[in-house]
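First chain A sits with chain B, and in the next complex the same chain sits with chain C.
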Partner chain A sequence: MDPDLALLLNGVVSGLLLGGLYAAAAAGLSISFGMLDVVNIAHPAFMVLGALIVALLWAATGLDPLLLSILLAPAFWALGAGLYVIYHHFFERRGDEAIQGLAFFFGVMFIVEVGLVLAVGPEQHFVDAAYAATTWRLGEIDVPLRMLVPATVALAAIGALALFLRHSFTGRAIAAVAQDRDALRLLAIDPIRIKRLAFGISLAFAGLAGGALVVVQPVDAWSGHVFIGRVFAIVIMGGLSSLGGCVLAALAFGVVENVTASFFGPSWSPAVAFGCLLLVLAVRPQGLFGRMA
Partner chain B sequence: MSDAIIPALPRPAPPRRLGHAGFWLAAAAAAAILILALRGMGSEYAYFAATFVLQYVVLATAWNILGGYAGYVNFGAAAFFAAGAYTTVAVGKAFGLGLLPCIGIAAMVGGALGLGTGILTLRLRGAYFAIATLCLSVVLQTFIVNWSYVGGSRGAYILRPRDVPFGFDSYGGYLCAVVLVLAAAAIAIARSIEVSRLGLGLAALRDDEAAAEAAGVPTLRLKLIATSISGAMMAVAGAPLPYLGSYIEPTSAFGLSYAVNAIAMPLIGGTASWAGPLIGAVLLSSLQQAATVTISSAANLLIVGVVLVVFVCVAPRGIIGLFRRRR
Partner chain C sequence: MEGLSRRGLGHAALAAAITVPAMAKAQTAASGPPIRIGYSMSLSGGLAGNGRPALLAHRIWAEDVNAKGGLLGRPVQLVHYDDQSTGAQVPGIYTKLIDVDKVDLVISGYATAIIAPAMPVVMQRQMAFVSLFGTGVNADFKYDRYFSINPAGSQVKETFAKGFFDIAMAMDPKPRSIALVNLDSDFHQRTAESARFLAKEHKLRVVYDRAYPPSTVDFSPIIRSVQAARPDIVFVGSYPPDTAGMLRAASELRANFALFGGPMIGPHITAQKLQLGPILNNLVVWDVYAPEPTLQFPGTQALIERYQPLAAKENTDALGHYVPPLAYAQMQVLEQAVKRVGRIDQAALAADMHANSFDTVIGPLRFDALGEWAEERNLYTQYQGIQGNGIEQFRKAGTQVILYPPRYKSGDLRTPYTAGA
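Right after this comes the complex of A and B.
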């Protein structure tokens, strides 16, 4: 096969796998930012928190990191619910969530990151999953399990979330709170309770994405920064509140970034990806897969 | 009684308030006094610490023009700041210009950057502008890292000129005086905007953009003006940075501490008036300077984060708001 074509195909495949990871990170944000209108810029910081906790637990117990991250999900759910209670009490109730709320999450992000540096040190942490060294070869294309397994788990979790939102009563209430919270009150559902629940789910996904992240690459306390732009870009490109659009955007984003990295060098990949976002914001702000608002 | 004259009520006296010229003069006088006081101390560390604090005064005041007056959060303060710093590096290397012309060019670069970001995103309301500014910082950093002319990721060294202009006793003293003048000018500009029609329009669109638009406020134009001015001033704040440390590299120039401080300082001081960023910047940066010297640099960022969260939760109007409420 033509070496350039092989490089391109490899770039596309590993981009798709990377996209699975991004989808996990963005799905949580798609709930909080897209549906609840809570601009949680600390989301990637919580992802890194999850990644480092998984790394520490893995070092202590030797359990599978992805299993650990699923076990951690309830703790993250509780953390998210608590954070939402604070946010609601101080900002949403007062009605000035715009600047103050953004600044609040910015401060929370800072506290999480610096707290991590002070607690576990600034060095990189990693885990060695049992399957990490295996690579499947399909002809010219390499499929490393180190990336395939996290991507599969992430997509499965998103699928479960989509089923939950589509078919359960609570899930449909979450979708409804995104559209009209007063109408929800008329149905005798407490919108605050629903939003608390949904924000918890969003953070649980941050923890899960962190577990997937630390399998793929070593993580340090500041790793979240690169992800802030990425996950917001994906959520906006995906059309804010649509999970399907979010997954598609994540896969596209992963491919663009990875192909750029393999042809022009990895130091250029962030600029191209964010250039995409600026363009989307300028030309089609409702997202590539969103409906006109 | 048809010809009875109802005496006109005495018109309430207009509130006493300095005019533009008066405020500018007062700012200049304050700057002159401070320069003399610092010369009296004459220690290099005093110059360095004062420059550090004053650079944050400029940055916070600049952020507040868009963030406080218009209500649009800019998370990319570090991007504008670093754009200014790297303008100094690039222009100084290409044309051999000194600090003052570099500051002027940095203002133009920052203004253009602000205008460009504004045109791309300000037609959207809400959080989009904030997110775009976050991305701007990543894009710019990538370009600087890949631009080997200004040192790339290795960083660049800037040598301070041997001869010190205007009869200052050291280059540190000269740098401090320059930043002090910039800070005084920034505050005076912010105050002028605050009491002008531009400031009124920005306040209107901050409170209710749709209503302001309906009342005939040209919201998009005002936002673009505010973004350009704010961007230009942030770049100006960054322009002296390479001379301050004699070395600059992308990771520290785009450091998150600039972005978080630019937001935290106005919010802690109070965003509604020019005095808020000044109070916040002086308090917070002195605190950080002290914490860096006595504890550690990671701890000082933690302090900023905690102070920011506590203030936005408990005192949303900042320190100024606390005093106004008591009165």
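Right after this comes the complex of A and C.
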């Protein structure tokens, strides 16, 4: 195979796998930011919280980290539901959710990070999944399971969430609350309860993304910082309340980053990826799959 | 901060009540107001992984000095604030230390990014300043009371990568091409500049020369592009999270280079040694210390033996081979200068540090006009024979052999680097 073609194909494949990780990180935010209009800037910090809890549990039990992150999902759901109750009581109910709400989640982010340092120290934590050292060779294309397995689990979880949102009564109520919260009351549905449930799901996905992250790379309390810009960009690029758009945008982000790094150097990757975001917004201000207001 | 809070004073009073009767019997008991040494230290944030071991080494030094009767007969007290690994916090911290806390002496926290922001405040107050792991900080300030505890020396461009190139050019066959990869950071820009300079000196063809941003998540495109460029040797400058990503990617992509390494900061931290295990085999890494018999000085082993149980208790870097010896030496330089001068006089302390050499746990030191080490001591080491991920092998000689400089050499180069394959 032509070396440049092999480089391109490997760039695309590794970009798709990286995009799977980005999709895991962005899916929860797509619910909270895209559907509930809650600017949860602490979302990546909760992802890191999940990653570090998984690392500790892995060290204690030796269970698969992705399995552990799935087992942790109910705890993260409860944490998210509790956090939403606080947010709603002090900010949303008073109509202060814009700047004050943003400041609240900034504060939550710092509390999570400092709490993690106090609890587990500032060092990096890691897991050694049984499959992490294996790489499949498909001709000249390398597919490391360290990237493939987390991406597959993440995409499967997002698929299950999409089915839930589309086919269950509660799921459709969550989709509806994104469009018209007052209309829900006419159907005798409490929008606050629905938003609490949805925010819990959002944080459960943060925990799941943490499990994926710690399989891919070592994690410390501040590892979430590099994801803040990316996950918001992906959710906006995908069209805010569209899970499918979020996944597509995440995969595109990964491919653009890795192909650019392969041919033009890694310094250009963020510039080109965020340049693509601007281009998409210039052509489709509502994002790839968003609806015009 | 330690030593100034109400609770801290209570603890100190209690400790004094318990220890004074015993101390009174000693001829060399420290007395009088303490000599207060102020500094910022990264106890949270990205640099905390090295900041906390540094602080632990400082505390061991303070205990040692106070147990021997203090400094000039007075106890020493450490006054430190957490800079959160943020340079913007540093000027305010040093202003408070000098103007409000009225400390007697100042030293730096860990790393160039924290040392440089302290310099204007320290220079304005004309304090002698012993820094820790700063690279080329004084090249622009040219402050005559600055002294650096970092083996890089003042000729970074000419000497930093010299060990790596000397090792490479002694290989048979000699390499003809090189790839350069570095993180886009101040330290790694300087090290890459050194590698570029020496590649030209040795007439090596540079087939890949790219920096990567700190936000990089996936390193496989970088390794794959380097492989496509087909270099004989690869010089990499990276920080811990990137080093792990880079070496994992090298392993997954079946990397095979005659020589691979450089200032890849990461395996210096115990957790990363354990995580990477055999992937480190044959990696050539810039370092400041390795537990080899050729690099033992009075006090080195004793310090590490005291550090390790405390580190386990405080949940910080378990082995303490990287920062603690240098952090302890930082305090020894200050201690020896104060003892020789016999008083706290910033000008006299600086003059003494320029004029004399120091015996430390990392060996004898002497400073040049810029306050850097008169004789650079960049170590290039190679991990060899690692099996599994156990910690005990890293405590023993022979696991991280020293290849350069020749006077500390403890083993021979093994090639190629295959990332654990």
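Everything below uses one rule, namely that the second predicted complex is superposed on the first by the 277 of 293 C-alpha atoms of A that agree within 3 Å, B and C clash if a C-alpha of one lies under 4 Å from a C-alpha of the other, contacts with A are read in each partner's own complex, and residues count from 1 in each chain.
Here is the rule we use: a residue touches a chain if its C-beta (ideal position, glycine included) is under 8 Å from a C-beta of that chain, and two chains touch if they have at least 3 such contacts.
Just so we're clear, the structure is a prediction, and the values are computed from it rather than from any experiment.
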item: Partners on chain A (chain B, chain C) - clash or fit; value: clash
item: First (chain B), second (chain C), both or neither touched by A:76; value: neither
item: A:199 touches, of chain B and chain C: first, second, both or neither?; value: neither
item: Chain B versus chain C as contact partner of A:253, first or second or both or neither; value: neither
item: Touching partner for A:58 - first (chain B), second (chain C), both, neither; value: neither
item: Which of chain B and chain C A:7 touches, first, second, both or neither; value: second
item: Partner chain in contact with A:114 - chain B first, chain C second, else both or neither; value: both
item: Contacts of A:270 with chain B and chain C, given as first, second, both or neither; value: both
item: Which superposed partner A:223 touches (first chain B, second chain C, both, neither); value: second
item: Set of chain A residues, in rising order, touched by both chain B and chain C; value: 114, 117, 122, 226, 229, 267, 270
item: Complex contact set, residues of chain A against chain B; value: 33, 39, 41, 86, 90, 94, 96, 98-100, 102-104, 106-111, 114-115, 117-118, 122, 225-226, 228-229, 232-233, 236, 267-268, 270-271, 274-275, 277-278, 281-282, 285
item: In the complex, chain B residues that touch chain A; value: 67, 71, 73, 75, 120-121, 123-124, 126-128, 130-132, 134-136, 138-139, 141-143, 145-146, 153, 256, 260, 263-264, 267, 271, 298-299, 301-302, 304-306, 308-309, 312-313, 316
item: Partner chain C, residues of chain A touching it in the complex; value: 3, 7, 10-11, 14-15, 17-18, 21, 114, 117, 120-126, 128, 133, 135, 142, 144, 146-147, 216-218, 220-223, 226, 229, 254, 257-259, 261-263, 265-267, 269-270
item: Residues on chain C engaged by chain A in the complex (per definition of touch); value: 43-46, 48-49, 51-52, 184, 210-218, 220-222, 224-225, 228, 240-241, 244-245, 248, 251-254, 269, 271-272, 275, 315-317, 389
